[in-house]
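Below are two complexes that have chain A in common, paired first with chain B and then with chain C.
Entry: the complex of A and B
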C-alpha cells in the first residue's frame, strides 16, 4: 500500500526503532568499545587493544566456564529435548487421552526461574531436603550429600532442575507437531507391520524433524544464556565447578569492577551465540527446509 | 501388535505428574510448619493450616510490595511493547518504503543478541542518565528486548490480512492513522493477545537486570525481591516456604484457568 503521506511509515516505525537503538544497539557498540580498554567503570579509560581477549583465552576460569556450559547443554538436551520428545510420543500415540498430563508437566515453565531455584535449593538442602530424606527413607543413607556443595554433583544437580522446568515445554511443542501428522501415514506404516516404537523412530520423528531442529537450537542458544538458575543455586561454586560464562562475566564486571575485561568476555560469548544461530540457519537453508 | 496397554500409560503418567508436583506440594505443606517440624520430618503433615506466616511474609517481609512493583513494571512494559510494536509492524507490513528491509534487519538483530551483549554498557548509560534505581531502568530495557519478537509476530499476522481491506479503506478516504487504528488494530487482536501473554511472562520473570539495576528495596520486582527476602530471613524456612507459596500458587491458578492461551503464547513466543 502507498502511504497517504510519504513520511507516514517512518513515523509508525520510529518509536520502536528509537527505543531499540537506544537501549540495545548503542550499548552493544559501547560494550564492544569497552572491551578494548582497561576501565573500572569510573575515572580514566586506558586503551589496551586486544589485551582483554588474550587474557580471557588464557583465563582458566573463563575457559572452564565454557566447558561447564557445554556439559550443561549436552545433559539438558537429553533431559529436556529427548525426554520431552519421548513423553510427547507416548501421549500423542493415544489420542483422546486426558489433556491434563500436558497441562501439568508444562506448569514449571511459567514460574520465575528464581522462584524455581530457591525452591530447589531447599529440595537439595543437606539437612532437611527432599532428596536426602527420600534416599534415607529407602535405606540409601550412604548416598546422601550436600548436592549443590559438592563439586562432583553440583553441575548435574542444576541440570536436573533445568530438566524439571523444560521437559514439559519441549513436550508441548513436540505434541503439537506430532498431532499434525496425517493419520494415514501412520496407518500405512502399521499395515506394513512396524511396531509402535519403530513407527515413532522411523516415521514420526523424521516427519517432525523441523520441530526437533528448532528445539535443539533453542536448547543450545538458551543454554548459553542461562543465568538465574546457576546464580541462585550455586553462584558458580563450589570452587568454580559450576561457573558458566554469564555468571563469571557478571561477577567480574559488577563485583570486581573490571568493566573492560568483562566486556571482552561478553563479546566472545555473544559471538558464540550468534555464530551458532547463523550456522544453524545456514544448514537448514542449505537443505531447503521450510521455516 | 505390541501396544502398551492404555491403563499402564495412564498410571505411568499419573505417577510422573504427581512426582513432578512433589516439590511444590512439599513447599506448601512446609509453609505451615515451624523450623523444628521442617527439620524433624520433610514428609510429615503440618499440625494445622495456619496462614499467619503467609500474612507475615506478605506484609512484613515485603512480598506484597515486590508484587506491586512487578505489576507496575510488567503492565507498563507490555503496554509499550504492544502500542509501539503494533505501529512498527503496521508500517513494515503494509507500506513499501525506502530502507524498510534494512530497518527490519536491524530490529531482527534483537532476536539473536543475548542480554550479555549490551547490559554492561546499558547499566553505565542508565547510571549516567540518572535512570539507575528507578522503574524506568527496567521498563525501558524490557520494552526494547520485547519489541523485536513482538514486531516480527504482529507483522506475520498483518501480512496474512487481505490487501483489499486496506485499499478499500483508502478509497473511502481514510487517513493512515485511521487505517491503523480502525482496521489494523481490531483485526490484530489474536496476535496482540499472544504477544501480551509471552511479553508479560518474560517481564514478570526477568531477573538479571532487576538484580543489577535496582538497589532500592522499595522498587524491587518479585524475582530480585525474593532473593533479597531469602537473604534477610536465611534460616526462617517456614517463612521462606510461605513466600514461595504466595508467589507460586496464584500463578499456577491463573495458568490452570488459561492454560491453553498460556501454552500457545509461550510456545509461539519461543519458536519465533
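Entry: the complex of A and C
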C-alpha cells in the first residue's frame, strides 16, 4: 500500500539522521580530512597528503602498540571469555549455586574502570602493594617485583585486571545461554553415561556456539577500544611496553598537539578494527554454511 | 563488553572545538579568568578578590575557571582560548609557552598598563625581565617556583653517617652507604615522566651547559652529542649505584613522595610544593633541602637553580584589557597580597613580606631563586612539549636501566624532530 504522504517516513527519520550526521558522519569525515594535514587542533592547517600515514607506518611505537593490543586481546580471550565460560559451566552444573556467588563475580563489571585501575595500582605497587606483601609473607621474596614497572610483566598485569573485571560479564552471558538449553538434551547425555565435564564440552558449549562467537567478537573489538585501564595503570609505560593504539593516539593528540597525525592514526585504527570485524564475520558465516 | 571509544570521542571533541572557531572573547560584562587549580587556600583568596571586583564595578561579574594542571597545560587552555567564551585573563608559565601565546595572538602587550595604567609600580621592573617577548611585557608575573631541589631526611642521613650531598660524588657515596643500611637513597614517582625528568634535566644542563641545553630544547641543535652522552652517563651511574627506588618509573609523584614521608627513603628530588604537601601528609616529618649537587667537569653554572616564573596574561582578543589590568592590580593590592601570603604563596608584588606563618624553607627557596645567577627553565614549561617529552622518556629509560645513554639519546633525537 502506498503512503498518502510520501514525505512522512523521511520526516520521521530526519531527526535520527541529523543526529547521526552530526555526531558520527561529520566527525568521521572530518577526521579523514584532518589526517591529510599537519594541524595542532587550533590555527591554520597545512596539507601534507599521505605524509601522516607514511609516518604512522614507520613509527615503531605505533606499530608496536598493535602488537601489544593483539597480545592483550589473546590473553583476555582466555582470562575473560574462556574463564567466564568455565565459571558459567560450573554455575549451571550446580543449578546456579548461591546467587551471592554470581553477584560477587559480576560486581567488578559494575565498578567504573578508573576506580578498578586505581584499586589495582595499589595492589601492584612495588613498594607497599598487596601482591609483593603477600609474596614476602609466604617467603617468596624472590618473586617480588615492580609489576607495572617491569616491561616483562606490565602487560600481563593489566590483562589480569581486565580478566578480573570482565570474566563475570561473560559468565553472565554464558550462564543465561546455558539455562536456555533444553534439560532433556542434558538428561539424554547423562543417560548415555557422559560426565559433567564431557557434557559441558561436547553438548553445552556447541549448543551455545552463537553466544560464544558474539562474546569473542565483543572481546576482540572491545580490546581495540580499551583505554582507561591502560591509561590509569601504566599510561603506556614503562618504556612504551604497554602502549596501545588508543593511549598512543591520546598522547599524540593531547600531549604533543598533533591532531593531523593523531587523525591518521585513528583512521588506521578504525581500518584495522573494521578489517578484523569483516574477517570474523566471514569466518562465522563460513562455519555457519558448513554446519 | 564495549569500552569507551576514547579516540573517536576525543576527535569528536576536537572537531566540535574546531567548529566553534570563535577566538574573540564576548563583549559582555563578565570577566573570565582561567587558571590551574592552585589549591583550596588560594582559591578562597581568588574568590574573595572576584567579590571585591564585582562590588567595585556594579553590574559586572567575574567567572573563575580552575582546571587540573595537566589538563590545563595540554588541551584545557588552548580549548578555552579558541572557544566562544575565551578567558580575558589566563594563567601561564613564562618561557616557550608564553612565546607560543604571543605568536598565536593571545597575549596583549601590557606596556601601557604597566608604565601608566593600573599596574604601574606594583611589581619590580626586574620581575618583568622574564615575561618580556620581543621587548614587550606580555604577562603580569605572580610567583616564582623552584621546580626541583633535593629534599632530605636529616635523621636518616645522620643515622647512615652521611652529610647532605654537595657534589655528585658525595651523592653516589651517600647512595652506597644508605643502601648498605637498607634505606632507599632517593625516591621518585616518575610514571608521568616530569618528576625525575625535571630533576635530571637540571643535572643535564649543569653538565652540557645552559646554552647547549637551551639550544637543544629549542630545536636549534641535536641531542645526540658527546656532551649529552656524558651527561646521560651520570644518570646511568645513579642506576649502577641503586640510588633511586626500583619502582620510580611505575609510581606516580604521590606514591614516590609517600616513601619519603614515611621515612623509607632518605632523599626526594621535587619542587618547592613539597613543603605545603608535607604539612598535610607528614606533619611531624623533619626535612630540609640542598640544591642539585655540583657535577664533575660540568660546563654549566654549578649553582644554577631550576625554576619557573608564573603569572597572568591578558588575552589580546579580549575587549576588556583595561578591566583585566584593573583586576590584576586588585589582586596585587597589599590586603590581597597578605591573603596570598597567608595561603602559602609569596607573590612577586613589590614590598611583599613573608608572614611569620610561612614556612622558613619556602622563604629560603624564594631567596635561592631570587639570588640565582642562572635560572634553568624546566623542559615541559620552558620549551616545546614534544621535545620535552622525548627528553623525559630518554631520561626515564636510562634511570630505569632500560637503555644505554647512547641508545636513549639516539631515540630521543629521532622523536624530538
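Basically, the second predicted complex is superposed on the first by the 261 of 291 C-alpha atoms of A that agree within 3 Å, B and C clash if a C-alpha of one lies under 4 Å from a C-alpha of the other, contacts with A are read in each partner's own complex, and residues count from 1 in each chain.
The working rule: a contact is a pair of C-beta atoms (placed from the backbone, for glycine too) under 8 Å apart; a residue touches a chain by one contact, two chains touch by 3 or more.
Just so we're clear, the structure is a prediction, and the values are computed from it rather than from any experiment.
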Please indicate which partner A:262 is in contact with in the superposed arrangement: first for chain B, second for chain C, both, or neither.
both
Between chain B (first) and chain C (second), which, if any, makes contact with A:47: first, second, both or neither?
neither
Classify the contacts of A:105 with the two partner chains as first (chain B alone), second (chain C alone), both, or neither.
first
State whether chain B or chain C is in contact with more residues of chain A in the superposed arrangement.
B
For A:23, is the partner it touches chain B (first), chain C (second), both, or none of the two (neither)?
both
Once the structures are superposed on A, label A:239 by its partner contacts, choosing first (chain B), second (chain C), both or neither.
second
When the two structures are overlaid on chain A, which partner does A:228 contact: first (chain B), second (chain C), both, or neither?
both
Hey, what residues of chain A end up touching chain B and chain C alike?
23, 26-27, 30-31, 34, 41, 109, 113, 127-128, 169, 218, 225, 227-228, 245-246, 249-250, 253-254, 259, 262-263, 266, 269-270
Could you list, by residue number, the parts of chain A that touch chain C in their complex?
23, 26-27, 30-31, 34, 40-43, 109, 113, 125-128, 146-151, 154, 166, 169, 218, 221-222, 225-228, 234-235, 237-239, 245-246, 249-250, 253-259, 262-263, 265-266, 269-270
So in the complex, which bits of chain A are touching chain B?
1-6, 8-10, 12-13, 15-17, 19-31, 34, 41, 90-91, 94, 97-98, 100-115, 118-120, 122-123, 127-130, 133, 137, 164, 168-169, 172-173, 176, 190, 195-196, 214, 218, 224-225, 227-228, 231-232, 245-246, 249-250, 253-254, 259, 262-263, 266-267, 269-270, 273-274, 277
Any idea which chain C residues touch chain A in the complex?
1-8, 10-12, 14-15, 17-18, 74-75, 78, 81-82, 104, 191-192, 245-251, 255, 258-259, 264, 385-386, 389, 393, 396-397, 400, 402-403
In the complex with chain A, residue positions of chain B that touch it
1-4, 6, 9-10, 13-14, 16-17, 20-24, 26-27, 30, 38-39, 41-43, 80, 84-85, 87-88, 90-92, 94-97, 100, 103, 106-107, 109-110, 112-125, 140-141, 143-145, 147-148, 151, 163, 166-167, 170, 175-176, 180, 201, 204-205, 207-208, 211-212, 222-224, 226-227, 230, 237, 240-241, 244, 247-248, 251-252, 255-256, 259, 262-263, 266-267, 270-271
